[in-house]
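A, B, C and D are the chain letters, set down in written order, and residue numbers restart from 1 in every chain.
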Amino acid sequence: MSLWGDHFRVTTYGESHCRSVGCIVDGCPPGMQLTEDDIQPQMTRRRPGQSALTTPRDEKDRVEIQSGTEFGVTLGTPIGMVVRNEDQRPKDYCGSTMDLYPRPSHADFTYLQKYGVKASSGGGRSSARETIGRVAAGAIAEKYLRLSHNVEIVSFVSSVGNEHLFPPTPEHPSASTNPEFLQLLEKIDRQTVDSFAPIRCPDTEAAARMTKVVENFRDNHDSIGGTVTCVIRNVPVGLGEPCFDKLEAKLAHAMLSIPATKGFEIGSGFGGCEVPGSIHNDPFVAATAESGPQRLTTKTNNSGGIQGGISNGASIYFRVAFKPPATIGQAQTTATYDFEEGILEAKGRHDPCVVPRAVPIVEAMSSLVIMDALMAQYARESAKNLLPPLPNTVPTKPASAPNGAPAS
Amino acid sequence: MSLWGDHFRVTTYGESHCRSVGCIVDGCPPGMQLTEDDIQPQMTRRRPGQSALTTPRDEKDRVEIQSGTEFGVTLGTPIGMVVRNEDQRPKDYCGSTMDLYPRPSHADFTYLQKYGVKASSGGGRSSARETIGRVAAGAIAEKYLRLSHNVEIVSFVSSVGNEHLFPPTPEHPSASTNPEFLQLLEKIDRQTVDSFAPIRCPDTEAAARMTKVVENFRDNHDSIGGTVTCVIRNVPVGLGEPCFDKLEAKLAHAMLSIPATKGFEIGSGFGGCEVPGSIHNDPFVAATAESGPQRLTTKTNNSGGIQGGISNGASIYFRVAFKPPATIGQAQTTATYDFEEGILEAKGRHDPCVVPRAVPIVEAMSSLVIMDALMAQYARESAKNLLPPLPNTVPTKPASAPNGAPAS
Amino acid sequence: MSLWGDHFRVTTYGESHCRSVGCIVDGCPPGMQLTEDDIQPQMTRRRPGQSALTTPRDEKDRVEIQSGTEFGVTLGTPIGMVVRNEDQRPKDYCGSTMDLYPRPSHADFTYLQKYGVKASSGGGRSSARETIGRVAAGAIAEKYLRLSHNVEIVSFVSSVGNEHLFPPTPEHPSASTNPEFLQLLEKIDRQTVDSFAPIRCPDTEAAARMTKVVENFRDNHDSIGGTVTCVIRNVPVGLGEPCFDKLEAKLAHAMLSIPATKGFEIGSGFGGCEVPGSIHNDPFVAATAESGPQRLTTKTNNSGGIQGGISNGASIYFRVAFKPPATIGQAQTTATYDFEEGILEAKGRHDPCVVPRAVPIVEAMSSLVIMDALMAQYARESAKNLLPPLPNTVPTKPASAPNGAPAS
Amino acid sequence: MSLWGDHFRVTTYGESHCRSVGCIVDGCPPGMQLTEDDIQPQMTRRRPGQSALTTPRDEKDRVEIQSGTEFGVTLGTPIGMVVRNEDQRPKDYCGSTMDLYPRPSHADFTYLQKYGVKASSGGGRSSARETIGRVAAGAIAEKYLRLSHNVEIVSFVSSVGNEHLFPPTPEHPSASTNPEFLQLLEKIDRQTVDSFAPIRCPDTEAAARMTKVVENFRDNHDSIGGTVTCVIRNVPVGLGEPCFDKLEAKLAHAMLSIPATKGFEIGSGFGGCEVPGSIHNDPFVAATAESGPQRLTTKTNNSGGIQGGISNGASIYFRVAFKPPATIGQAQTTATYDFEEGILEAKGRHDPCVVPRAVPIVEAMSSLVIMDALMAQYARESAKNLLPPLPNTVPTKPASAPNGAPAS
């Protein structure tokens, strides 16, 4: 489906060669100041052509709000958003090699098999332009989360090829046990990440190593993958809807729906399988908040801010794997739609590594997941808060409300 | 939510100390032979107490079909299933340490924060008994998939701690480029997996290494994680609903909804980030099927059977990370609900590694994902097949139907 | 589907001759006292065999809560409920006329066409026993609504055949303009309705007329329809989710999903088409509440408590049409499944009029609609209340919260 | 929500004074020829300003397809559609009476209460312009239904005020027992309906009576309601998803979601409550089809083409009640937002009766309901058809497929 979310519902549309791409956001809270200026920055960060390391096309990608706001304030009604495609003309079918060959590891073949209609762009909605609607919608969710809970979402490149910001070591099979990594998660911001443009890895030395990898692959007309790490700070306690909609399950779903992704890990992740339980368990400690009520937090954070599918108030962090781009300059031996073996050569310049551009997309999908979980919990919590108190004989404890949330 | 699926909809209920656990399956195709005997085997494989390596409780877990079948045939109406809990009595609250302390890395704290009510079992639905409903429903989906498409779903343990069946190497940062691994995926079956009980790693030497790891952690009153690899063979081409419901995204969601999971990777996964695009791309070749129409397949399978979010007919395979169990025999320094530091000690014997028991649960969730995607594609395909043919001037090609599916 | 609701989600299962019928309620607010005693009264009101006017079978219909509560308090986890079927044996197929003939205006024919499997009861889930799950779930929603907002839901029989409690007149083509009718709506309660058992029309004279109609049809081995009117008092302002999920649209959906229903009208309804706009419009007046903040209400209530799909705080009322039961004692000329004309005779005693028994079912579905709309609005309102106030230059007004609801 | 449908999913956006209104259709079958020319006719029929009987504004309402088609063929991807608003400027707030008074029986009050933000148009999305997206999406569904099953959907005005095309009589309390009415349903087409423009009641004498009623109310600066009857012919057997999503329940939901509706009745409807069961039951007869397999149909059609919530192959018909428009020229005594009694006068010319313009909207919503039910049944049927045949000992019968649908 092209629908995401149960409460903050995003429906996207558009492929490469149609009039426009965009989305409808249904369920945005009313009464929030919102204009295109809140949305455009992430659109621009997503845009190709930002450096020699990424593809040189320059599409303007200006978003236009169609509905759902008046005088710069959300009405609570659906927010329609449109971004015009510069190149609206579907390509003619004139015997180009792309018409003969399904491109290896592209969606040409599967889209044709699934829909039975050959889109001029090959893979139809598998185009990266599809992500524009996600980023636009995510920017709205993000603004809400920031205004209401000071939620901060920051992604950065954590590896390119085999160059890692925090490579696994025998001592730290997962970076989650490495204090240096946890410190980075607490302080990193988007400005810092972008200061390491175009590679977006917030460490001078690692960024240099990664840039070199990308340059090498570019020069070889080859491509390479990498990982993006994302941290979400200040998430209220209590988000996530077990059993099937655990918060990490929704995050995994969201991330694996981004084109070219191959993996997701929350907190300690795959490396955490190698950490003994006695180290992996996150003991509780009383938080020494300067203000606000006393609360429990965890001393370590191998859980990645989620336990039993529910946020525990600690920073949520995860890592997403992106495969090497399928479009490469090298000739590839493959087969035509008519089962003939042959050689396919891509023309033009191609993006040797998509990971830096994926940064705002990962942030956008994160914000959609948190926003939706927040509204689900609000419905429950508000409902609960209207019930009469239980007799003392019943062994219950009132839940703490999310920061600033309504509580009886 | 406790609901999974859009077409084959599963709703589960039940926690540790209530009358029963179970589920309702709504949307099962009518006219399929089905009795408890089709369901019980996976229930039994999931059951604890199967060996010295897992927890010794023996619950019978007999499933009873309540509705939706007559004379052993599905009616197309909801199938209610119930499994009685042997121990139905909620625990009294009498000052046990568990009432004072939220257990580290359990769901006690987050459940209480989210719901504001303290379940006697601590984490309410975070209990492993919740997975009974998944396994029961999955067995029905699996039977349909086998009968209709000969789909085969097999999971096995691929690592415990740092002992791997196919450890990453410089040549094969991902097992996906290792022909030996791909061969295993094509031939492994459940009988073979279970012949390596209790560890369920289908390799004598690796099984021995892993067993040793588990025994060491058990003897140290500690715990350890591991990974489960799952392969799904004979999946029809064309399943998966982009953009947001790509097949790998739904699989990721399903897997991360299983208790204790920390990561998911499809095909080449995280290791695939280190493989050059020129190697990672899966070229097309004509399949040399003995019977049936000629078709394209891929020479390699780094994609894991999915391109652009849609199955391509090759085997789908993925890996799931499970953390070390949070309940350990060692004393842990942590804090009480009332912010006091103290020491928590768990009593009794505990499961030092859950990975072997997770095998049937991973299979169950896989079958639910494939079943739902299949029915979504059937709706589309049937609708398409009733349209008049398009004029020749339109550049389209009819989609191949899934094996045996209705085609015009 | 067998699923109702987005927030307070009810999934039902079961047909006539299976082990049990029941449902799972997912999304019930935690922290509410709840036992079987809260649910059984409406189950009993729904039960057949309560008088000579209805069918004499006596099924005990005892509900058993399976999960989701501990010590009589809801945990926030799914509440499984089971009601055993007394007669669990599917009927044998031995050449009875019912096996030869699809019964006229029953669901035998359409169920067989849809599912391709012949259930022993003929119409599978079209059985009235299916409504047991609805009533059980509705009782939980109703308890919440009563505790949190003092919502009162009362249904009664408003017509049987052509005998009406408030027949349309030239002056009042719709009862909505009749003050006597509106007064009844404000004061009627269930005890009063049941004091007019078995006919459940709360007016001595009208009840006598209706009873006579039912007796006549019973004596003629015929059947007759009727209408149920339902009022919902104390509904908070602001419920309903335009555009597609207007509150009256969800009520209409809910009511038309009850077996044997043929029509729904809200407020002035069909008769309101004949009332001039100048009379039909409901002018606003300041409510003279004894306590609480001043608020607007309407002088008249032709709208039935809903404007633009959203509750306005006035009493919601509507009417539901039930057809004459299809099972009659008279012989009917019809055709067999094999296209042969023949005569079908039903045996035994049958219910000549289902309307009185429909009363608790209409109430149950009403409570499910209001409960779901309430939680949707809570999510929005809580989200809105966390936003910073807007600058004065923006022409907005803060919404009043539902009675007692959280407001910033 | 602004989302309709589970398979053919329509999300609409837009209010009166924003840039555009429109929708996204997600799930349209691929491979169907589709251009704006297929959509515009119903858009134009919906448009105001078509005669002296309706409001004189002339908005062009040209629909533009944004995505989802190439070379005039659907791709199976989301179809974005946009209709520009001519008057895009939100109204200033300058002390107009509309800013002081919530208009009686409009949505001004409830929208403000629900969302807490005052839209310049008063009722936000309660505007009739919201229905543009419905009509655009409905035209696509309708084209599919026509191409695949020759489904015909025709609506017409059946009453205005107390002038009826088929007034209830003692013999025919419901028109459903009147053969003349049933004959009209079988032959009526849109061209005939529109030949009775502007009143759209397909009977010269009744149209004259109704036109007179509308003129009288117009001249008195008052307004009046009416009913629309809709027939859907050639619907395949087997559509509708019990228990909660019975076909009539979805139709009721769809119809009551149209602005200004107050009631819905299927088949015999409210009048059917007064018809004895012995007459109301629809006996089966063998259909005397000229071609195709023999099949059962019903001799009468009080059921309105639906039994047990599932289509039976007979024509589906229903009636929808529309209230008198709330905007009238007469002065009305009401209260301000600040609780002051005062007099509100509307300026300009207003539509005294919306029923004729509602005709294409009722058709659009009908097509969305049937389309969605069709795809749900296709998924089930295709799944069933892939199962191995059952042994003879099982008492089942294979379902007939919908006309032309895939069957094994």
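Convention: a residue touches a chain if its C-beta (ideal position, glycine included) is under 8 Å from a C-beta of that chain, and two chains touch if they have at least 3 such contacts.
All values derive from a computational prediction rather than experimental measurement.
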**Complete:** By C-beta contact count, A-B versus B-C, the higher one is A-B
**Complete:** Taking each chain's centre as the mean of its CA atoms, the one lying farthest from the centre of chain C is chain A
**Interchain centroid distance [CA atoms averaged], chain A/chain C, Å** = 43
**Prompt:** Between chain B and chain C, what's the gap in Å when you average each chain's C-alpha atoms?
**Reply:** 39
**Complete:** CA centroids of chain A and chain B: separation to the nearest Å works out as 24
**Asked** Which chain B residues reach two or more other chains?
**Response** 1-3, 12, 27, 30-31, 71, 73, 76, 114-117, 120, 125, 380, 384, 395-396
**Prompt:** Along chain A, where are the residues that touch chain B in the complex?
**Reply:** 1-4, 12, 93, 99, 101-102, 104-107, 109-118, 120, 123, 125-126, 130, 159-162, 173, 217, 220, 222-227, 237-238, 240-246, 248-257, 259, 261-270, 272-278, 280-286, 294, 296, 298, 302-304, 306-312, 321-326, 328, 330, 332-335, 337, 339, 341, 377, 380, 384, 395-400
**Request:** Enumerate the contact residues on chain C facing chain B in the complex.
**Result:** 1-3, 9, 11-15, 17-24, 26-27, 30-31, 64-71, 73-80, 82, 90, 114-117, 119-120, 124-125
**Asked** Where on chain D is chain B touching in the complex?
**Response** 6-7, 27, 29-33, 71-73, 76, 144, 147-149, 374-376, 378-388, 390, 394-396, 404-408
